[in-house]
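Just so it is clear, A, B, C and D label the chains in written order, and each chain counts residues from 1 on its own.
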Amino acid sequence: MADHKEPIFDVAQLAHVEILTPKMNDTLWFFKDLLGLEETERSGKSVYLRAYEDYYHHSLKVTEADQPGLGHVAWRTTSPQALERRVQAIEAIGLGRGWINGDHGHGRAYQFTTPDGHLMELFWDVEYYQAPEAMRTELLNRPQKRPLRGVPVRRLDHVNLLCQNVTPNKQFMMDQLGFRLREHIILNDGSEAGAWLSVSPLVHEVATMRDATGAKGRLHHICYWYGIPQHLSDIADVFSDYGITIEAGPGKHGISQALFMYVFEPGGNRVELFGDAGYLIFDPDWKPITWHESNLAKGIIWFGSPLPAEYFMYGTPPVQKEVQERTEEELVGAN
Amino acid sequence: MADHKEPIFDVAQLAHVEILTPKMNDTLWFFKDLLGLEETERSGKSVYLRAYEDYYHHSLKVTEADQPGLGHVAWRTTSPQALERRVQAIEAIGLGRGWINGDHGHGRAYQFTTPDGHLMELFWDVEYYQAPEAMRTELLNRPQKRPLRGVPVRRLDHVNLLCQNVTPNKQFMMDQLGFRLREHIILNDGSEAGAWLSVSPLVHEVATMRDATGAKGRLHHICYWYGIPQHLSDIADVFSDYGITIEAGPGKHGISQALFMYVFEPGGNRVELFGDAGYLIFDPDWKPITWHESNLAKGIIWFGSPLPAEYFMYGTPPVQKEVQERTEEELVGAN
Amino acid sequence: MADHKEPIFDVAQLAHVEILTPKMNDTLWFFKDLLGLEETERSGKSVYLRAYEDYYHHSLKVTEADQPGLGHVAWRTTSPQALERRVQAIEAIGLGRGWINGDHGHGRAYQFTTPDGHLMELFWDVEYYQAPEAMRTELLNRPQKRPLRGVPVRRLDHVNLLCQNVTPNKQFMMDQLGFRLREHIILNDGSEAGAWLSVSPLVHEVATMRDATGAKGRLHHICYWYGIPQHLSDIADVFSDYGITIEAGPGKHGISQALFMYVFEPGGNRVELFGDAGYLIFDPDWKPITWHESNLAKGIIWFGSPLPAEYFMYGTPPVQKEVQERTEEELVGAN
Amino acid sequence: MADHKEPIFDVAQLAHVEILTPKMNDTLWFFKDLLGLEETERSGKSVYLRAYEDYYHHSLKVTEADQPGLGHVAWRTTSPQALERRVQAIEAIGLGRGWINGDHGHGRAYQFTTPDGHLMELFWDVEYYQAPEAMRTELLNRPQKRPLRGVPVRRLDHVNLLCQNVTPNKQFMMDQLGFRLREHIILNDGSEAGAWLSVSPLVHEVATMRDATGAKGRLHHICYWYGIPQHLSDIADVFSDYGITIEAGPGKHGISQALFMYVFEPGGNRVELFGDAGYLIFDPDWKPITWHESNLAKGIIWFGSPLPAEYFMYGTPPVQKEVQERTEEELVGAN
């Protein structure tokens, strides 16, 4: 009993994500008019948004840029002490970038990168969203009235990062930040093609998948949560009517049991909408689920729409076309 | 920062509940044929059951008895060390009963009572359910195939306990076990009429509500989870067709945002079915939601079916009729 | 076989309903911002609206007036010849009012009243809605894009009329217009308390219920259709957030198997939202379902929210309060 | 006005379908244990089944045979007189086969074939299903309690027939039987690739699609109806768990707006499950929707899972493999 390694409980949640877009207006139309996000602030080249059940100042920062892609991923710790502990752990392996004074919506934060180069930050002090009078609700545990625009998502759910090399990134999230491995894919050659990790009963707040183009530091997708299966059909209907490209779904992944749909926001970033509650992991001694090539098809699609080849290639920022095509050939050749 | 009290992360989850029934066969028909639970063992006067997404040997132990009511509530800790810490904390205030060797499905466990007298236990060692060949599924994160009987619930969700006095019971769950207070009701006289507590992002794994009859140690209800709103309508339809009394619902509580329905299993215990995902709390510094008499109506019912007066009176075991009627008068008089 | 009476197939559908409101702006906010109706025309004291799957110029005409209530109910026939046949049948019993030249959205129409005094009209020539460029959809069988406002209803479903005397009104709809009786309520004294009638597989396009106040010609409710159960929960959530009074529901009627919810639009008229598809009647020799007092409770509520006493009393225009209270006493006394 | 052609209202509904199976036991397991159908009779090589909201003796007759395929399609008329009229119309063009004495569940029937050779029958006299005591429900408009097996479908919806030549079959259904054309596909060469027809507000009780193999008289699929979108996900989950091949779906067709899923019952016949209510056509003067190659992709899939090439090739009975492959080449070549 004495040798049971106790879990680390220092990271509490995915607090927000920053994405880059070359088409700010269209991206905002997508998130605000179709997904019902609320704008809370504009500053410089950035607009801050939140879903109607997000409690903090923002869960999404959209920043104008030449190319779509990931700005950064921000995690909130379970206490100020937990923040200090994690900073020490990160500094110890040399991936720290140092403290910033904060941003709109939160206090000082510690920046670092994953081994693959994705920019992240940790913080404790946060600003809670205060609804204006007209948007205050009698449902006291809801930060504002349900929006009357589009099919409103409820909260930020997770982020999926492409990595040149899955394993070291997974290990970093586990060792330095205390994430638990929930599910992963091990190919026949023994390599790890994807990993799903969480600090809560959610199956993942972060996933890392192998970047088939060999690029580093790219974003595969961010995901907002409905929790209500019908809303996936509703927003799919809206997307079809209003010219948004649905890449795949609705369907159900075996991995994480997510009722999924993937679309491209007009700026080019892939966005997932999560339809139901998935399954939740309360077992404190969870044995990670391993998907092998022999059962991977069921892991990728339990039922519904298949994933196109592009799903495994496209990320943001896009890589040069020649690289992408070459890799695609190899991929096809390998089948 | 140094004075921020860090949370306790020692209790992981509600592992199982034992209920008592004077009508074993009918109770089993209810749980197995209508709610789709699987029987995993029979021993003495007890039958062990689990929902198809419950990972352990059982989540419900049904024991034959003269009266319906609560047997015990079992919690699994986050580690063996966490178990020892919690046992010490309980022993320190004199509510411990001592160790038992375990039961079907789990190893040694420490028994104790809440201040109100509900029997509980804590354990670490647990037996995982192994599906027989025919019930094994290719969905590797699901412990068995989805049953083809009734409208199958997915997992045990929470337990709601009636208490003569809410506050000391709430405080015990917080101080000795590390639960966080999520929502509560404070009446105009300053007394606490109910409290919802959790160790996970769920709004509650346990609630305590004031027993209007003044009795101690009673059960209000146990709750199984669907997570899919439509399934509440489906099972309501089944209940109406097959003669099960629906007490209230489907409807949506403001408190916990649960899509609820309450029914009585044939043995007399109240069972809640939880339709959707509710809302989840990831904020590590959550400020408890306080419902006052002025907004309590919305807290109890956000939309849908109202709760009958009986909801606030009936628990198991039932109290003598004269006590109940007297209290009901006082209650009515008080309005 | 020769003596089998063949059905009349002359009335095709409920085309539109006109309601009166003393609060035009608020009524429009309700229908447009919450229920997603589109405004197609304003003329005099009237505004014309339609749901996004309504094919004609309008399905709802809202006219400003001192009191809420019914303007008229309009039916489209299955052919121009059918129109002539029905006009003759109505004229033959003296309930005709004569031809009007039409209105925005349709051609000449024949006006008449039910025995209870509700104004109705029949027509053939109709104007189809043409969506403006920006609202045209590639879903060719849908007249416009799905709106991005509120939780949009899909089409007008039925109208429910209060009658001093149910039977003659039912008989008129059957004999003069060709409606089939689908379900009705027969009380212990042999009187008919309600009747549900249709010309299509829908259980009803029109219902008549006894007016407990003894008044004549009143409106009980109009109903718009979702067809998707989840949308009832969605709009209930919106109603609770935005201050709209939900009278009853969501719940399921036994009669018609409607997944129902009743609310009051700000002008005072009761509006039903129909959540699912109910059941459809294709049997050409349908034997009407008779609900007696012995099973009426299940007929009124199969599951979910009960109906308040007011449901059986309130209609528009409201009657004087003294009348209403007296009748309520009699009703209570009768139980 | 005098020259408006009035519609024929002589056929009321799709009453039942007979399918052939080489694997009776497995086919029955599929329909009874997974889809919840009830067996009402066995006779010779046939088993009679119905869904729980089907009012007659059966809606599906399963007959043992060497090959899967269609037995016959049966329509009920709106009156005995209507039956005589339709028989005369069929006899006039020489497609009649003559009267049979009836079968279990219905009286004398008139048999005929479509121009493509599908066997059909028309009848009036029918036997209503009477539930045994234990399955009687207080929901008087429901013929029996909701089954506790699988994810029970509610009623037979439609049949889809492959035809060597769509147009004459469509025309026969319209001219001799009174069906209305609701939607159809016209290719660039002017030929008709598919037609959806109905006698009720449903978009179709029968569809005919061009048989890409050039064969005659084959079955594409039969369809049972849920009417509740969630049930498609539920049964998809069951299918994946229990080894039933999902060909496509869940997804939404543009044509008919059906929320669809296609699977193969173990005998080899394709079965569609219809998830929602689709859209209903009440307009008595409906202008058929024409899908051209330019917008056909949206017509086939509005959102969700694409259809595999096989969907357009496979029917029952299967044709010889060489024919199928040849045609497939031509099809691919044509793109």
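Definition applied: a residue touches a chain if its C-beta (ideal position, glycine included) is under 8 Å from a C-beta of that chain, and two chains touch if they have at least 3 such contacts.
This is a predicted model, so every value here is computed, not measured.
Peer 1: Considering only chains that satisfy the touch condition with chain B, which of them also satisfy it with chain D?
Peer 2: A, C
Peer 1: Let me spell it out: compute each chain's centre from its C-alpha atoms, then which one is farthest from chain B's centre?
Peer 2: Following the centroid criterion, the farthest chain would be D.
Peer 1: Averaging only over C-alpha atoms, locate the centres of chain B and chain C and give their separation in whole Å.
Peer 2: Distance between chain centres: 43 Å.
Peer 1: Roughly how many whole angstrom separate the Cα centroids of chain A and chain B?
Peer 2: Chain centroid spacing, chain A to chain B, equals 32 Å.
Peer 1: Can you list the chain B residues in contact with two or more other chains?
Peer 2: Residues 138-139, 228-230, 237, 240, 298, 302.
Peer 1: Along chain B, where are the residues that touch chain C in the complex?
Peer 2: Contacts found on chain B: 229-230, 233, 236-237, 239-240, 246, 249-252, 259, 298, 302-306.
Peer 1: Which residues of chain D touch chain B once you look at their complex with the stated criterion?
Peer 2: 33-34, 137-139, 145-146, 148-150, 228-231, 237-238, 240-242
Peer 1: Hey, which residues of chain D end up touching chain C in the complex?
Peer 2: 1-2, 4, 6-7, 9, 12-14, 53, 55, 76-82, 138-142, 154-155, 183, 200-203, 227-230, 254-257, 276-277, 279-280, 282-284, 289-291, 295, 298-299, 302
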